[in-house]
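Next come two complexes built around chain A: one with chain B, the other with chain C.
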Partner chain A sequence: MKLSITREKLQKGLGAVSATIPARTTLPVLSNILLRADGDSVQLCGTDLDISVQVTIDAEVETAGAVTVPAKKFSEITRELEDAPVHLTADQDQIRIECGRSKFKLYGLPEGEFPTFPEVDFSESWKMSAEALQELISHTSFAASTEESRPILNGVLWQLRPESTTMVATNGHRLALMTKDLHEAGAPEADLIVPPKALGQVERLFDGEEQLEIARSANHLAFRSERRAVFTRLIEGPYPNFDQVIPKDNDKQVVANRAGLESAIRRMAVVASDQTHRVRLLFEPGAVKFRVQTPDLGEAEDELAVDYDGESLEIGFNANYLLEVMRYMSDDDVKLSFKAPERAATLEPAEGDSDYLCLVMPLRLLD
Partner chain B sequence: MTPRIQILPDHVANQIAAGEVVERPASVVKELVENALDAGASRIDVSLRNGGKTEIRVADDGCGMDREDALLALDRHATSKIRQAEDLARISSLGFRGEALPSIAAVSRFSLETASEDGVGTGVRVAGGRLQAADEIARRRGTTVTAAGLFGNVPARAKFLRSAAAETRAASEAVILLALCNLQVGFSLRSNDRELLSLGPATLRQRIGQIWGEEEASSLIDLDGPDGELGVTGLIQRPDEARTGRRRFTFANARPFVDRGLGRLVDEAYRTTVVPGLRPDYFLFLNLPAESMDVNVHPAKTEIRFRDRERVERMLVEAVRRRLARISSTPPLDRAPEPAAVVRPTAPAEAPRAAAAAGDGAPALVREGSTPDQFALFMTEAGGDEEPSEAGEIEPLAAQLRPELWQLHDSYILAATRRGLLIIDQHSAHERVLFEETMRRFRESGGEAQRLLFPLTLKLSPSEYSAAEELAQMLGRVGFEIEPFGDRTVIVRSSPNPHEHFDAERCFRDMIHELADGSPLVDAARNQHERIAKSLACKGAIKAGQSLSQDEMADLFDRLFATELPGHDVHGRPTIVRLTLEELARRFGRT
Partner chain C sequence: MNVSRTILHVDMDAFYAAIEVRENPDLAGRPVVVGSDPKGGRGRGVVAAAGYEARQYGIRSAMPISEAYRRCPHAAFVRPRGILYAEVSGRILEILHRYTDVVEPLSIDEAFLDVTASAALFGDGRAIARSIKSEIRREESLSASVGVAPVKFLAKIASDLEKPDGLVVVDPGSEVEFLAPLAIGRLWGAGPKTLERLYAVGIRTFGDMQARDREQLVRLFGEAAGARFHRLCRGEDERAVRSERARKSLGKEITFDADVMDRRAVERTLFRLCEQVAAALRRRDLAGMTVMVKLRWEGFETVTRQVTLPRPVNTFEGIWPVAVRLLRDADRKGRRVRLVGVSLSGLVSEGRGQLSLFEAADGGDRQVARAVDALKKRFGRGAVTRAELLDEE
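What follows is the complex of A and B.
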């Protein structure tokens, strides 16, 4: 393998791939990046076995070939090089890096040791703008569980339907759900459970204006644009029936200024228990009163004028859950719906066609 | 016809009375040593032949008696220790009933040699309760009592004596008991001319070391009781050193007594700090006004009745509890070198060594002996009661900021302190935190339960299902809201949420299994609240292998040290191990 490339392109490519390289691994080759030169481009690939990223960049290829290079050192060297063409030459498992008068030799590992990427057939694929996909991801994937006992909930449910697509994530205490129209379905309906980490790569790697193709194999899902691709393992199993638990009969509704509500809860959270983050919200006509009492620590109270004309009702919540779900509410006002202190409460932007909904399970107060 | 009922002759009456006071050689030893102590002896030598069945001799350097007293002492209820009935209410001497000497004399070939000044003394010989001779003899100040052929004239009693080894063991236990509460007095015990014990004046810790060895002594911690009339002092065992609890001694105003109820209370006070089934040793000294207790319960004087027992119990439990709260259960890795190794400057060859023979005596008691002179040396050089285990104290944390924390193998939290390093077991630590928080929830109202978006529907075994039905209300108070659903199925609608990585389903399943079928942990609990709290703590705590963020570690650290007993988890295992700078220095050869 022998090729030349601009330092800038190389550095950008390495930056895109490096994020998948595991910091510590028992399989040494995973610390390496695979370089595969062919035609007028070079492909950079990195993987942690669950998620793989592939980036193609322009290069002047003299001899085609492939080699793996220690990712960290290669990136560091590239960062320090002067801004001039970089010449890469592979000699068996070694790679020579030359740029101006700087010369490096790095010891790599044989290409054959690098894990093969999953094979995904793109003949049946969904098409979507990166921007729309990234919006779905950012609004939902934070709600996935990090607790490892129910692997299903560690994933984000992605429902693809002929006309629309929905992403849902929950940890069993709070849930985030967003739906978007889908105009170019192109592939059959599917319910996919995707690791949030892979979705994070999708958010990071693609530019908003890129058009993405998404296709699946039995166990894998692939996202690709013209020059970039992300592959991920899918999580298996049936996702719990979330539709069933989203309350349809929450008859009490509060409309509050989102920033005001958020800052009041933030203030209360300071004095809330580090363990449960419990705050009490007392909804009264025209106002919501906040109250926190934490043994051995202290108390706090606050009040916010809101649009509410229902009966008085007190509900306890984990302040962190409320703060998390409000972060992605885009409107100035947020609509809170609830029915009873032990039932799920929902939050959604007060205006608009309401394609975003969050649900928070209350804390039952035991006193 | 002779009357059917007759007054017994004195010697027969004495034989009967002897049965209450003198059961076996050990009780003779006890009575005689107590007399010697009451006589103000500074040194008491006990020697036995054939377990005391052939001969018991107790010699002291106490105040002795003159001829008249020596003869009077052999009459029943003749005593120098009390004068009138009112004195019974405030007994401070060990003997007082005036029964011992006549009782012993009634069942043995008895001789008494005594002198109140060096020079001329009195020698009295009694056989079968009848005075044989009373002569002038030459002797030093003090008293020597010899009882030979014990129960020779009471065959019924003689038959019940046990083997020489067993009787020797019992006699040495009697000496040890008195040696523990008379630290200023030197004791020796010889059996068939072999030395079993040689005890110089010592502190309590030193004496325990003399009797059972340094290992026992260094497993104990000082119970520093409050000053004042009502108090408790002594030594108790470090919880992680607790084994069989064979060495449990209670003294009231330096008088040994037996009280199983208090033993149970001490176990209670150790609750959740020792592994169930293990029991700590203790050496407890109650300091009470003489009139607040009644020692005249039984002639053998092993029981004491307290006027205000509840108060005594409370005082004892509080003292133990308070002390345990201050320690980390595990000693630092650098257990202090045995003081004996440092302060025994004489050549080892000079120290008389008592050989242990398996068949005879009490092998466990045979220790390296020392002469009183050596002990004097010991005292000065050792600097008195230096407590090696004191290094195990947890430094008071109020004075210091939270140290830097690291996690090791996703299981241990390391914290730098002023004096070294604390190694905290994250699961054990969180167990302790959860246990106390849950108990507090039961005591006080408050708390909350996280409602579940997807309620858990769980099929249980028949015993689990009935436990769930029975405990539903109490489980609700710790956060598990459950609804029996029939067909051995329950729906769990809410759960506690003690940490970010909590697995509600697994915790509930494990708990209900344990609560239904029992386990050593929950079976040792006092009541249902404690059963549930222990089970929740054990099943719900952060597991080993769980990676924790800096904030999570800090939170756990702070909450652990806010608990009542931070040093132990609910199984009684230690939560903290210390590595001191001294230990590190020593390991690097920088001592």
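What follows is the complex of A and C.
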């Protein structure tokens, strides 16, 4: 393998792939990036066995070939090089990096040791705009669980239906759900449970304007554009029945200014317990009062005018859960609904028919 | 802080031994050693507690049981009955709670109380201390020593001065005078190394230390310790009495009779400990965020491993999978294990719990655990057990 490439393109490509490289691994080759030069481009691949990322970048290829290179050192070297063409030459498992008068040699591992990417057949693929997909991802995947106890909740549920597509994530305490009316030709009707890390790559790697081609196999899912691709393992279901926990009879409705509510909760959170992050909200006609009392720390109070005319309701929440779900509400106002102090609350943008809904379970108030 | 506080330190006198004598009057007047089986001087455990008669032979708690046996072979050696002591301790805590909510148990047999706000109802510190002592005597036939002082550090010293059955009051304003004649060995936070250095510079009493200025102490012991000693030797101690809610951690550990190589046996012990800790948390309506496992190998080398969970747990199902993983991570195969333990910290009151969207899935374990607790309470500890432990119990 012998090729020349601009330093800038190489660094960008390495940056895109490096995010999947595991920091520590028992399989040494996973610390490496696979370079495969052919025609007028070079393909970079990285994987942690769960997720694989591939990017293709323009290069002047003199001799085709492939080699794996330690990702961290290769990236560090590239970052330090002067802005000039970089010449890469592979000699068996070694790679020579030359740029201006700088010369490096890195010891790699044979291409054959690099794990093969999961086979996903693109003949039954469907298309979706990267922008729509990224919107679904950013609004939901933050809510996935990071606990070990229920692995299924570590994934994001992607429901593909003939007339719509929905993403849902929850850790059992708060839930984020977004639905889009999309009828993409060829999309299967399916419930896919996708690791949020893979969706994070989809969010990061593709430009919004790109049209993505998506395909699945029994255990894997793949997203690709002309020059980039993300492959991921799927988490085996079934996902809990989220529809069942969405409250249908929350009769107390509040409309609040989102920025005002957010900053009040942020202030209260400062004195909240760092274990429970509990804040008390007392909804009364026309206003919500906030109160925090933390033993051995202190107290805080605040108040915000809101649109509410129901009976008064006192309810406790983990401040972080409220702040997280409000971050992605796009409107100026947010609509909240409640039934009782120990029942799920809903939050959604106040304007019009919203395609975005979040649930937050309260914290018990009695001590 | 300008407001003078009234703090009590209540310390039970030779608690385990006194309970044993109470339960078995034949032991009265004899040296009583509570601890593991001395096995004729070859036993491996330690002394858990010694009665006053046994202490005259130089027997102290945490001393190897073989040493205690050598010093006094004719003592009454009794096995500790942890559950009994815990029950008595619980009832004594209830007595203390009659006088204030601000009770901080330090261990099974001592606690701090802040009775500043109780004066109007129950009288001054001395009066409250007297009634606590007499209620403990009347209801439990046990004696306690009480120290009354404006700060924790002095209350603790005071309770020890006239043991057993003591009552010492340090009035506000008399702190310096009270401490001056006392040996510096009573200084809180001074270990053998520090004491050695204190003696080396001629500080043998609190009075000696009071005579040094702050700069001297800082030069000798560093900024943090020097400044602290300067305050403490004048009886200044800002620590507040922290009630049970502010308890830091709850755990259990076991030293094996003989160091064990068999990892299944170690895990089995941890399994049982996890269950006990979970039940202890539930009894107190607490749950913990951080699981810590402690492992000691032969040769006394000790490691701890911990992990903080996203939400508090107080069920076996919540604790065990985490604990066993920590154990396996920490363990070094091929070495015998001397001790294993598990504890939960980051404790929160269960009533403040985060509710779950999928209660059926998340709440099931908790409901089962509560039901089992109720059965054990009603029918005894052996009424329900885990199948894994069946052949042991």
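Everything below uses one rule, namely that the second predicted complex is superposed on the first by the 364 of 367 C-alpha atoms of A that agree within 3 Å, B and C clash if a C-alpha of one lies under 4 Å from a C-alpha of the other, contacts with A are read in each partner's own complex, and residues count from 1 in each chain.
Heads up, the rule we're going with is that contacts are C-beta pairs under 8 Å (C-beta built on N, C-alpha and C of every residue); 3 or more make two chains touch, one makes a residue touch a chain.
Worth saying up front: this structure is predicted, and the values here are computed from it rather than measured.
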item	value
Combined model on chain A where chain B meets chain C, clash or fit	clash
Chain B versus chain C as contact partner of A:T6, first or second or both or neither	neither
Contacts of A:D296 with chain B and chain C, given as first, second, both or neither	both
Touching partner for A:G172 - first (chain B), second (chain C), both, neither	both
Which of chain B and chain C A:S164 touches, first, second, both or neither	neither
Contacts on chain A seen with chain B and repeated with chain C across the two complexes	146-150, 170, 172-175, 240, 245, 275-276, 278, 295-296, 316, 318, 342, 344, 359, 361-367
Interface residues, chain C side, partner chain A - complex	240, 242-243, 245-246, 289, 309-312, 318, 321-322, 346, 348-349, 351-358, 361-362
Contacting residues of chain A [partner chain C, same complex]	145-150, 170-175, 240, 245, 273, 275-276, 278, 295-296, 316, 318, 342, 344, 359, 361-367
Chain B contact footprint on chain A (complex, rising order)	146-150, 170, 172-175, 240, 245, 274-276, 278, 295-296, 316, 318, 342-344, 359, 361-367
Parts of chain B lying in touch with chain A, wherever the complex brings them together	441, 444-454, 476-477, 479, 481, 493-494, 497-506, 555, 562
